[in-house]
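Structure below; questions to follow.
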Amino acid sequence: MDKLKINIGNLSLKNPVMTASGTFGYGKEYVDFIDLSQLGGICVKGTTLHDRQGNDYPRMAETPAGMLNAVGLQNKGVDYFVSDIYPEIKDFDTHIIVNVSGSTIEDYAECASRLNHLDKVPGIELNISCPNVKEGGMAFGTSACSAADVVRAVRKVYDKTLIVKLSPNVTDITEIARAAESEGADAVSLINTLLGMAIDINKQKPILSTVTGGLSGPCVKPIALRMVWQTYNAVKIPVIGMGGISSWQDAIEFILAGSSAIQIGTYNFIDPTISIKVLEGIKNYMDQYNIADIKDLVGQLKV
Amino acid sequence: MKKMLDLIIVDNDQLNQNYILLKLSTTDGTILPDMYPGQFVEVHVADSPTTFLRRPISVNYIDKSKNELWLLIQKIGDGTRRMAEYKKGDIVNLLLPLGNSFTTPEHTDSEVLLIGGGVGTAPMLYLGAELKEKGFKPNFLLGARSSADLLQLDEFAKYGEVYTTTEDGSHGEQGYVTNHSVLEEKNFSHIFTCGPKPMMMAVANYAHKKQINCEVSLENTMACGFGVCLCCIENTKRGNICVCTEGPVFNIKELKWIN
Amino acid sequence: MDKLKINIGNLSLKNPVMTASGTFGYGKEYVDFIDLSQLGGICVKGTTLHDRQGNDYPRMAETPAGMLNAVGLQNKGVDYFVSDIYPEIKDFDTHIIVNVSGSTIEDYAECASRLNHLDKVPGIELNISCPNVKEGGMAFGTSACSAADVVRAVRKVYDKTLIVKLSPNVTDITEIARAAESEGADAVSLINTLLGMAIDINKQKPILSTVTGGLSGPCVKPIALRMVWQTYNAVKIPVIGMGGISSWQDAIEFILAGSSAIQIGTYNFIDPTISIKVLEGIKNYMDQYNIADIKDLVGQLKV
Amino acid sequence: MKKMLDLIIVDNDQLNQNYILLKLSTTDGTILPDMYPGQFVEVHVADSPTTFLRRPISVNYIDKSKNELWLLIQKIGDGTRRMAEYKKGDIVNLLLPLGNSFTTPEHTDSEVLLIGGGVGTAPMLYLGAELKEKGFKPNFLLGARSSADLLQLDEFAKYGEVYTTTEDGSHGEQGYVTNHSVLEEKNFSHIFTCGPKPMMMAVANYAHKKQINCEVSLENTMACGFGVCLCCIENTKRGNICVCTEGPVFNIKELKWIN
C-alpha cells in the first residue's frame, strides 16, 4: 500500500483519496456505507468561530450534471466541534482535516487557533472561497491581496498543515495560489464551487433563497481540471484537486494534471461508496501501467 | 443500518396515468433490511440524462411475506417518469432505509387517524398496516383532487376504516380533509399526516386547536438524503434541522407552523 | 407576432431567439432543418481580418452535459466573407450578425470596418472572449482596460449595432460589461465558453491539441445565468444571454434574468431544430401567463 | 436533403458480444430518404446520461425492398452500448443522410476492391451492393483481429468475391489486409477502404505505389456531423477541411498521408 502514500506538508496520507468538505458531514454519516479507514483523509464540514444557522430554505437546485447549493456554512461553531464532535470522530483511522471559514481575518485566525491543539486534526483547510455567505468567504479568495492577508494571519497561529482552498470564480487562479504559497500555505486545494443560479419559471423567482449559489458536480470537472493544471504549473507546494470527480478515471485525470491528492464532493450523495471505488480504480490503473509510486503520476501529463 | 442496495423490480403496476406502484425485492432472496413507517429510500435513476441526484420516495408498504418493498410514485418530472417505465427484472439502486419514523402511540386503544393527501397517502399505508398489527384500529382519511387521485383504497381497507374527500366530490365527501365529518364524529388522540404542505398545515392547526398529538411527514428538496449536504432544512423551534435525518416525521410541537 | 419584437441598439429583431456564433455556420447549413426566417437573428462564424487555419486536430472533447472545443477561429478572413459568403446568405429573411475576432486592436477595427458597408449585416458581435487563440482573443476580454480599448477602436469605425461578447473567465464580468458600455457598445452578449480541459488517461495526454479549450453546453447554464443576472443589474444597454440553452424553459430563465435576446449554441448540434422549438415555447409561455410583450418579461425576476 | 427523423427499431441482431446490427425503418411507412454508400447518420442516444453529443454511424446497408436502414455497431463506450440495448419498437432520433459518398468508377469492367477493417467493414456492404447493382463485380477484402470480428460474411458474399485476413489466422489468410495474396493475383483499378487509420494508411500507400485510384473513409471526432462546429477537420492538401461534409470519403490524392 505504500505506493499510494502521499505527503501534503508534514501530513502523510495513506493514499490520495479524500472527501470534500460539506459533502461528507463529519465522516460518521458514512460508516454504514464504507470503511473510513480506507480513505486518505476526510475534510469535515465548514467550521466557523461562532455558531451559524446557514441560509434559508430552499438551499438546493439540481442542474445539468450537477447541483447548486446555498447552505451557507451552517455549523455549531468551533467550540462545539471541539467539545462535542471531535471526541466522536477522533479515533477514525484516517486523517481529519477541518475546513475553516470566517467573515473576518480575526475570525479565521481565532477559529484556526482553537483547532491547533487537537491531536487528531493534523491540518486545516482554509476556505477562502465559499460563495454562500454574505460577508467574507469568497471575497477573500477573489483577490490575491486579501487571500494573502488571511493566510498570513492564520499561519501565525496555526502550526500544523495548512491547506488553502481556492475559489474558481476568478480571472487567474494562479495569482491567488501564489499568494497563499508565499504566505506559508503547505498546500492549495481547488476548486470550491462556481457561482451559479437557477430560476423557477413558474414562480418567476430564483430557486435558491440566496438567489445565487455554488455549482458542483461533474458539470464543473473540465473547469476544475484546467485550474488544477494551471496551478500545478504555478506553485511548488502540493495541489489537492477536486471538482466533479465521479469515477476513478476522473481522479486519474486530476492526478495527471498535477493533483497530489484528490477530493470527492457531490458524487458522495449519488454514490456514498464512490470514494472506495475511486481508490480501487487508482490501484488497478497503477497496476495496469506499472506505476510503482503514485508520485510518479502526479502532473505527468504529456503536453 | 443504512445500505446501498441493488433491488430488482418484481412488478410495476400502472395505477392510472399519473401513478404507478413499484414492487421491489432483493436479487438473491436475502431479507430486506428493516424499514419503519415514515422512512424513505433514495432511488438512483440511472438512465435519465436530466436526473442527476437520487430521488426520495417513501416506503409505501413492506410485504414481509413476499419480501417486497412497495413504492407509490406520482409522475412529476423526468426522474419519476423514468421510474414509471421500469420493467419487471430491471435493477434499481437504492439507499435505504432513510429518515426517522412515526411514533407508535402508547396505548393500543388510542383513536388514531392517518390523513393522507395526494401521493402523500404513500407512507400512510405502511403506517396503518403496522399499527393494525400492533393492535390499533387505524382510521384513514384520504384526500385528493378527484377520485382518480385516490389510490390503493382496497389496500387501506384491509387495515382500518377509510374516509375520503375529493375537491370535486367525485368520491367521499366534497372538500378538504379538514372538513370531513369524521373529525366531528370521532375523538382522535393521535393524528399522523402526509401530503401537500397547505393540507398538512391545516391539519396541524386543527390538531393543535383540539390538542391532538400530531405528527407530520415533510417533503423537501434533498441532495443526499442522509444528513450530509444540509440542503433539506426545516426551520424548527430548534433552529434549522435536516428533514432527511431528524425527519421526515416531525411532531407539530417542534415546528413553527401553528399560528 | 409583434409581441415578440425586441430592440438591440438600432437593430429590431422580430423575436429574441438567435443562434450563437461558431455553432450555426453561416445559417445555410441549417436550411434543410429549419426555416431561417423564423429566427430573430443569426450570429455567423467568428471572422478575422486574415484567413485562419485554426488549431490542430483534435479540437473537441465531450464532457458531462457539454463539450470542449478548440476550433481556434478557423475562417477564410473577412474579405472572403464579403466576396463569397455574404452574397449567398444576404437574402435570408433574418438578421445576420457577424462575429468579429482579432489578435490586435488594429485587426479588430480593420475587420469591423470592412463589414460596415454590408447592407444586410445590421450589426457585429465583437468576440473579445475566445479562449482558443494564442494571441488576443480572451486576453482582451479579461481586463476592463483592454476591453475598453478594443471597443473604442471598433466603435470609431463601425456605425451600426455593436454587440460586445464577454468572457466568463473573469472575477467580475460586470466590470468588463461596464467598460464596453462606456465605450459605446449597443449591447453585451454573454457568455462565451469557459476555459476547460480534458485528459485521455490512456495516452496520458490532453484530449485537445491546444491542451485547454472552451466549455459549452447545458453544464455551463447555471454560471451563464448568474452572469447575465449580474450584468443586467450593472448596465443599461441590452444583455443578450446564452450558455447552455437547450429548451424553451432555459430561454425563459435567461429572459427573466435580464436577457433581451438569447442565443442558442451547442444544442444546435444535438437538435438542429431547437431554435424553432425554443421560439414556440416562448410564445406558449407568454400566452399561458398573459404576457402581452416580451419586454415585460426581461429581467422580471422577483427577488 | 438532410433530415431529422424518428425511426423505429425493426430488429436488433446481436451478432456477437461486441457487435450488433440495428435495422430501422420509418414509423409511418414513408420511404427512407435516399442515402449513398459512404454516408453516415448521427444517432441521438436519448437515455444515456454520459452521452451528450450524437454518435456518427455509417450506413451499413439500405434494404430498399423492406425500407430498412441498417447500422452495424461496435460496442465501444456508453453511447454504443446503449444503442446495443435498443429493442424492437424503440424510437431513435437520427440526422441523415450526412457526408459525401464513394465515387462510382466510370467503367463497370473496372476491377474494384473494397477493403474493410474491423467495424470499418460497415460502409463496404452497401457500397458493394450498389456497385453490383450498377454492373460491377466487387471484390471484398475484409480484415480483423480474429474470426469473431469478421462480420456479415454471408451478406458480403451476395455481392462479390470475399477475401479475408485475420491477425491470428483464425479465418482466411493470416496477417494484415495489405499482405493478402489477392493483391498480387488481381489487377485492381480502384480501391475503396474504411477501417482503423493505420490500416487505411497502409492501403493508401500500397495504392499510391501501384497507382491505383483509392478512396478512404475517415473517422473523426465529431460534434455536429453537418459542417457547423469545425471540430472534425483533416489537415489535407487544401488545408483543414471538415470530414463530416467534405468527407468522410477522400481520395488519397487529397490527403497528406503518402510518404
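Letters A, B, C and D mark the chains as written, and numbering starts fresh at 1 in each.
The definition used in the following text is that contacts are C-beta pairs under 8 Å (C-beta built on N, C-alpha and C of every residue); 3 or more make two chains touch, one makes a residue touch a chain.
Since we're looking at a predicted model, the values are computed, not measured.
Student: Any chance you could name the chains that touch chain A and chain C both?
Tutor: Under the touch definition, chain A and chain C have no mutual neighbours whatsoever.
Student: From the C-alpha centre of chain C to that of chain D, how far is it in Å?
Tutor: Chain centres of chain C and chain D, defined by C-alpha means, are spaced 36 Å apart.
Student: List the centre-to-centre spacing of chain B and chain C in whole Å, with centres computed as mean CA coordinates.
Tutor: Roughly 47 Å, centre to centre.
Student: Identify all positions of chain B at which a residue touches two or more other chains, and write them in rising order.
Tutor: Residues 49, 51-52 of chain B touch two or more partner chains.
Student: Mind pulling the chain C residues that touch 2 or more other chains?
Tutor: Residues 61, 63-66, 217-218.
Student: Testing understanding: with touching defined as stated, what is the shape of the graph linking the protein chains, line, ring, star, complete or other?
Tutor: Contact pattern: a closed ring, each chain touching exactly two others.
Student: Can you list every touching chain pair?
Tutor: A-B, A-C, B-D, C-D
Student: Across the complex, what residues on chain C touch chain A?
Tutor: On the chain C side, the touching residues are 61, 63-66, 68, 142-143, 169-171, 194-199, 201, 203-206, 211-212, 215, 217-223, 225-226, 229, 244, 246, 249, 252-253, 256-257, 285, 300-303.
Student: Which bits of chain A are touching chain B when the two form their complex?
Tutor: 22-25, 29-30, 32-33, 45, 53-54, 56-67, 69, 71, 74, 217-218, 266, 268-273
Student: Using the touch definition up top, name the residues of chain D that touch chain C in the complex.
Tutor: 1-4, 44, 50-54, 95, 220-235, 239-240
Student: What residues on chain D touch chain B, complex-wise?
Tutor: Chain D residues touching chain B: 46-49, 51-52, 82.
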